[in-house]
Amino acid sequence: MTISSSTGYPRSSSAALDEPVLSIRELTVDLDGADKQPGLVEDVSFDVHANRTLALIGESGCGKTMTAMAVLGLLPPAIHVSGGSVRFDGQDLLDLRPRELRQVRGGGIGMIFQDPMSSLNPTMKVGEQIIEARRLHVDESKSAAAKRAVELLDQVGIPNAARRADAYPFEMSGGMQQRVMIAMSIACDPKVLIADEPTTALDVTIQAEILDLLANLQRDLGMAIMLVTHDLGVVADFADEVAVMYAGHLVELGPIREVFHNPQHPYTQGLLDAMPQGAVPRSQLSIVRGRVPLAGQFPRGCRFRTRCPHAREHCERDDMATVDVRVDHRSRCLLVQTGEMTLTPRHPGGVNGE
Amino acid sequence: MRHIGRNDRIDLGERNVTMRRLLAILAAMVLLLAACGGDDDDAEATESGGVEATETEDEASDETTATADDNEAADDAGDDAADAADAGEIDREATLIYATSFITNSLDVPNVGTDFSYTYVNLVYDGLTKRNSAGEVVPAIAESWEVTSDTLILDIVDGRTFHDGTPIDAEAVKANLERIINCECRFASQLAPIGSIETSGNQVILNLSEPAGTLLEVFADIAGMMASPASFENEDLDTNPVGSGPFTVREYSDGGVVYDRWDGYHDVENTLVASVEIRSIPDDNTRISGFISGELDVGLARLGQLGEAEAGGLNIIMGGNAQMYILALETDNEALADPDVRRAISHALDRDGISQGLYGGNCTPTVQPYPEGFPGYVADATVERYAAYDPDLARQLLADAGYPDGFTISMGAPAITNYTNQLEIYQAQLAEIGITVEAIADEGRTFVQRLSEGEYDSWLGPSSTARPSTAAWWHMVYHPDGARNAGGYELPGIDDLLLQLNSATTPAESAAAIEAMTVASLEDGARTIIVCSPQTVAVHQDNVGGYQIGLANNLDLRTVYKTAG
Amino acid sequence: MSSRLLVRRLGGSVLVVFLASILVALMVHLVPGDAASAVAGENASPEQIQSTRERLGLDEPIWVQYFSWATDALRGDFGQSLITNRPVIEMVRQVLPATLSITLAASVIAVVIGVTLGGLAGLRRGVTDRVTSLGASLGIAMPSFWVGMLLVTFFALEFDLFPVLDYTPLTEDPVGWLHHITLPALALGLGMSAEVARQTRGGVVDVMAQPYIRTARAKGAPGGRLFARHVVRNAAIPVVTVLGLQIGRLLGGVIIIEQVFAINGLGTMAVRAVADRDFPVIQAYVLLTTVIVVAINLLVDLSYGWINPRVRSEE
């Protein structure tokens, strides 16, 4: 697997100096109820910048989706934010009143979801759903919105846009449905697009198309994209920055090449080692020993220590933080922070062992 | 006649209404849950007169009207009239709304199914004779008559017509009677003694196969109602009858009948309302609510609704009449064939207790079939004399008769709450003297059928003892061929007694004949035990007057009026 | 709406009515023993029984009986009442408006109350939901006549707001018509509204858990109106289904309500006809109610296609 920009996405490196569009600080989310878990997401901080994509990766249950949902206040009933801030457009979204938050949703910040088939209203025509997205935020007539909807459908690459606007979701393929979702989410020119596993439910070939589309839209609209995914391949092709989450903690954050070549956390290293691409045929795949802990059963201190090959006693300490260990490259591993341990860099440009 | 004055509508009264009604509703819920069988629909009595055993609860009392005794009758009527007339002048243009639980199936005499239809047909037809409030037979279309041993001669009034202008004359009467005799309907049998009919001038001569003076009573009931012969071929006679009565029919439906005053009536000055609506409302609750809310003018209520009626501020009229609750014993059962056994059973029944317990004291204990004031009432045939409540005496009688350990009999009743209650009580009271009763409750039609076929050893129910005639009732229960005498009991001397009654030419002779039969039946240990006579309860609004409860158990609306304001 | 769908459904309905009509026409033969003497009554003479037999056409072959009954029925001729000799069609015409008024009003009440409360319960959950669900259970358990009696006690007798009995035709007196049908329609409709509320709540809860609701929220849609847009059409199918199924309960319940409120309607006619074994009337009544139920269910069926586009294209 290559981490180069072989697909040719232009990236503006100067964007790193821009102010972040979306700024998440010390976000903490608790789970109530029977499986009570404080710190389901704990102390998570990162920024998202215009024109750049931050990928939020991790295994199922690591809290990445909860983090994304928390931004727009879409958490399920038993889960609530208990600390931190989400700054956007000069405001802390967590402090907003419902009416104000509604203006941000679909307006300044758009969101697309994993399963486009069930995420679209089955009894509403596709065009109408886009029109609705428009008119919730923009004061325009139905016919103007309808025109815009057709343009959007065109923009996201749907052929015969005018006719397709009258179709129902079930009359379209998965890929087309996701394009519709995307059209809906960018209908009001958002500054940020949050994409929660947008390609997980799609074929591999369609995945590439959708990612292409997102990249093009980003270039055209200058949006920041927060991409939630568990697929390292997608991250490699598409993201500028990556934030790695494990059991509710942000364990590593940095530019994509840095992280992939020089992981600063045992978990990240384990993930990268576990990728099957480029492995020697008929050799044993490397795995990360153990399983992700369930909510309610997170270990104290470093939540990865029960599976970490390098774990020491003081990994149980409660007072860890994610700090820069290299330039613009943060890690939560205490041992790396203190220099007690250094991780082997991986081969640049490379398939393992080549 | 006891008259309960109206209560002012004070708040307390209204709250009592609500409380009572809530309790009633809760009670209804409990009853519904406890016993799915409830009151039956109106099932029809398929026999003429006698035991209308298939009525709804107290349906009989629906059809009974009563005044205390004939001396007081006129006074009370006057009182009643005076009472309601307080409110103002009679409104001749008023519409009177009468509520009953029953709808007549037809207004054409041969097709009328039950005696309850009387109220409906009585407004449209005049009969050959009629009954006054004291129960006596008085002239109507027949203005006078002569009774002989083999004829009955009627003098027909002059100068009257039917609603369609056809004159009322002897020929018309003959045509009507022949129509009934040949109709293959239940009324035909009531006219059985008539062999042939001739007319002469304005006289109708009925040639009888046997003495039948009591036909005059029959003529006062449905069979004597005269329709216009010109209408006999009409196809819509069931709903558009042509009589000569004070009203014509405007509209017929399953919900009731609407009548309008006929201006050609010979006594139209005394037809005091312009229109009558008889509404059929089978549900007791709904009916009483309709009175309390003021939507109904006059009608009957159940004994059990007295409290509610009072609380609702309704005027109440009560009275007894020729309507009895009976316990009939079939004498083909060996034990019941013994008069002493029958006496014992009568002594075992606590009539006062039954009246108090089931009817709030409003079922007059009695041993004879006619109420005080009615012709034939025997003053010294008292409960104390013939059937004093005395279980010890009863046990003694049984022992002397050879049943020291009692015996077992079956007892049938209609499956209506009122009568199953009686069934339970009789069963319990007979158990006290050692008689085991096997209780059987059957649906209306089934009940009548089974008792006619003698399938019960004994049975209970309501009995209308003066309709269609006194003789008919006595024949039915005390003649071996009687329709309500499956056991074939023969009252000693019944043939002579019936002859005496049918040969009577004056009211006094009739009364004497009835008295004789009453005494004879009691002396032989009455097989049709009379338990008590339920009071009829009528309710009416303040502005309604003239309503009378007649002793003969027929309901007459012709005298009712409404005052303005 | 696909016309093939329409034709198929319509055909199915017609078939059902036809089969029912066979049962109805030959219902007289279901009577044990000799139908003619059962109808003529226990006191009938042999001549009367024979004439009854002829009136009912019982001595014809079965298929002739059905054919003549059916052709007459199609023309609206259901014969005459055996008891009153009135033309049955006249009897029906006389009483139909009352029953229709009450039944329709009850349906409206049921839909309005049921959908509103059920919708609120499904949307709000929490206390509203618990209270509504409890209320719905009670409503389903309470017999309509009991509710009717309660209504009469409070609103008619205690507070004198409504009349106790009877029916006034709309054409005669619109205000009186409304006045008279209010309590009966309430008594009949409240029970049905409970069932509707339950189904609505269930449907709404289901829909609210769907991902597209989350999408709508992510678009910035406010709770009220826009949710109504998203929820209603998707939750409608179970609700419409239960409405169609309840029509049978309504037609049965109206009989009791007519007794309680002394309303001269179809139910009163039917009860009398059954008690009197008045076959022509019973036949007309059964056929009429069959047609009504089938028609309502057909409408419900057809409405699915209108509500949910997926159903349309599956045809």
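A, B and C label the chains in the order they appear, each numbered from 1.
One rule holds for everything that comes next: contacts are C-beta pairs under 8 Å (C-beta built on N, C-alpha and C of every residue); 3 or more make two chains touch, one makes a residue touch a chain.
These numbers were taken from a predicted model, which means no experiment stands behind them.
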item: Chain contact topology (line, ring, star, complete or other); value: line
item: Central chain (distance from its CA mean to the mean of all protein CA atoms); value: C
item: Far-end chain from subunit B, centres as C-alpha averages; value: A
item: Distance between chain centroids, defined by C-alpha means - subunit B, subunit C (Å); value: 40
item: Centroid distance [mean C-alpha coordinates] between subunit B and subunit A, Å; value: 92
item: Interchain centroid distance [CA atoms averaged], subunit A/subunit C, Å; value: 55
item: Subunit A residues within the subunit C interface of the complex; value: 72, 74, 99, 102-107, 110-111, 113, 115, 118-124, 132-133, 136-137, 168, 170-171, 181, 184-185
item: Of all residues in subunit C, those that touch subunit A in their complex; value: 210-212, 214-222, 226, 229-230, 233-234, 307-310, 313
item: Interfacial residue positions of subunit B with respect to subunit C in the complex; value: 14, 17-18, 21-22, 25, 28-29, 32, 41-43, 46, 103, 105-106, 113, 184, 186, 235-236, 238-239, 252-256, 279, 281-283, 285-287, 289-290, 292-293, 295-296, 312, 445, 449
item: Interfacial residue positions of subunit C with respect to subunit B in the complex; value: 41-45, 47-48, 83-86, 91, 94-95, 143, 146, 149-150, 152-154, 156-158, 160, 163-166, 259-264, 268-269, 271-272, 275-276
